[in-house]
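Below is one structure, written out as structure tokens; the observations come after it.
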Amino acid sequence: MHKLQDLVERIVAFRDARDWKQFHNPKDMSLSLVLEATEVMEHFQWKNKDEMEEYVKTNSDAIGDELADTLYWVLLMSKDLGIDVVAALDEKMTKNEEKYPVDKAKGSHKKYNEL
Amino acid sequence: MHKLQDLVERIVAFRDARDWKQFHNPKDMSLSLVLEATEVMEHFQWKNKDEMEEYVKTNSDAIGDELADTLYWVLLMSKDLGIDVVAALDEKMTKNEEKYPVDKAKGSHKKYNEL
Amino acid sequence: MHKLQDLVERIVAFRDARDWKQFHNPKDMSLSLVLEATEVMEHFQWKNKDEMEEYVKTNSDAIGDELADTLYWVLLMSKDLGIDVVAALDEKMTKNEEKYPVDKAKGSHKKYNEL
Amino acid sequence: MHKLQDLVERIVAFRDARDWKQFHNPKDMSLSLVLEATEVMEHFQWKNKDEMEEYVKTNSDAIGDELADTLYWVLLMSKDLGIDVVAALDEKMTKNEEKYPVDKAKGSHKKYNEL
């Protein structure tokens, strides 16, 4: 993996060279985030388990492209809002470990408040 | 920022300790990705520019929480599908720089095929 | 307006002639519903108030196309699940009128639990 | 089913009594449309075929509630944009019947351009 910080700087430099910050209010950025996430999801529409397994073998580049687009907006929104999203996720994992204790959550897809 | 690779390993260990991989087919993971992305977007629903500026000042923890949840699925899906998403985004930036040349794209929010 | 019931019957006949009911489990149908709704939203990405006003004047056919696709899934999912969605919305409006009393909700975009 | 036109008038009267039209630009309305559609989808997250069949038996009111919320925005957006969405869907069905001829599309979930 590359260094994430370098990537964030590359994204910001790309954006600022094009003078696009004027468009990047949180609402429109989050709208783009959702659109990219749905493009990931569209890859799996209508496919059953077997079809998905077959599909991902030969389409991981295309799927990776959409995941990358989603990551783009996660990183740029976080940067603009002054959020260290990697630290935020790290903290969240600590909370998740408490919300979903292994003995209760093992093998279940219930939400923590239904366990 | 923490090391991203450590975070991915923490997420996978969290998941595997709970025996959740059985649920993690690409369709359901992408569905979760979309749901988390829409929770980011929900923060900005109905708010105008001034209200958003005010809102992000006092709610960056809550917004960061939803961005972290979105990142969680980007990282876990990528891991499961054998995709190096940081490298994929790095390559994508090279393509973006070509698709949106500074002299044509500067100050415009048009798509590359409309520039 | 045409009769809605005739339209639902046309949609079901279209689907059944193509033997597509086998794919129409609730998860995949709802996934399609979300994808069509995001295609409506995509029309307004990055546009400010003035740009939107201009845009809707000359693109109402294209927007109507995506709204129609969204309605398609609302109607077909409802039909398959035995839900009278028009009656459900009518009942919901009664609840909404109680949740958002005019004197409290007038001119505010707050959620009912924040009024 | 109730008369759809009456329902649209009820929705508009509800909105206008609360002076909410000021918030109802197309972008924010479409954002709400997407959020409601994802709430439909959330019902089916992680569930396999058997779990879904069981779930819909006892939760059709809750699902109908979210489908109704989605329909609300389809109808109100269409009304505001001067779109007769039922006629639009009726016309779309004519196009769909041509794009997906029975002999080619039968039993396949491929897109029309892949048939």
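For clarity, chains are labelled A, B, C and D in written order, and residue numbers in each chain start from 1.
To be clear about the criterion, a residue touches a chain if its C-beta (ideal position, glycine included) is under 8 Å from a C-beta of that chain, and two chains touch if they have at least 3 such contacts.
All of these numbers come straight from a predicted model, not from anything done at the bench.
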| item | value |
| --- | --- |
| Chain pair showing more contacts of the two, A-D and A-B | A-B |
| Copy-to-copy rotation for subunit B and subunit C - C-alpha atoms, rounded to a multiple of 5° | 180 |
| Which listed pair, A-B, B-C or B-D, duplicates the contacts of C-D in over half of its pairs | A-B |
| Distance between the centres, which are taken as Cα means, of subunit C and subunit A, whole angstrom | 26 |
| Distance between the centres, which are taken as Cα means, of subunit B and subunit A, whole angstrom | 3 |
| Multi-partner residues of subunit D (at least 2 other chains) | 23, 27, 31, 34, 38, 41, 44, 46-47, 109 |
| Subunit B - residues contacting subunit A, complex | 1-2, 4-5, 7, 10-11, 14, 17-20, 22-23, 25-27, 30-31, 33-34, 36-38, 40-41, 43-44, 47, 49, 52, 56, 60, 63-65, 67-72, 74-75, 77-78, 81-93, 96-97, 100, 102, 105-107, 109 |
| Parts of subunit C lying in touch with subunit A, wherever the complex brings them together | 23, 28, 31-32, 34-35, 38, 41-42, 44-46 |
| List of subunit A residues in touch with subunit D within their complex | 27, 31, 34, 46-47, 109 |
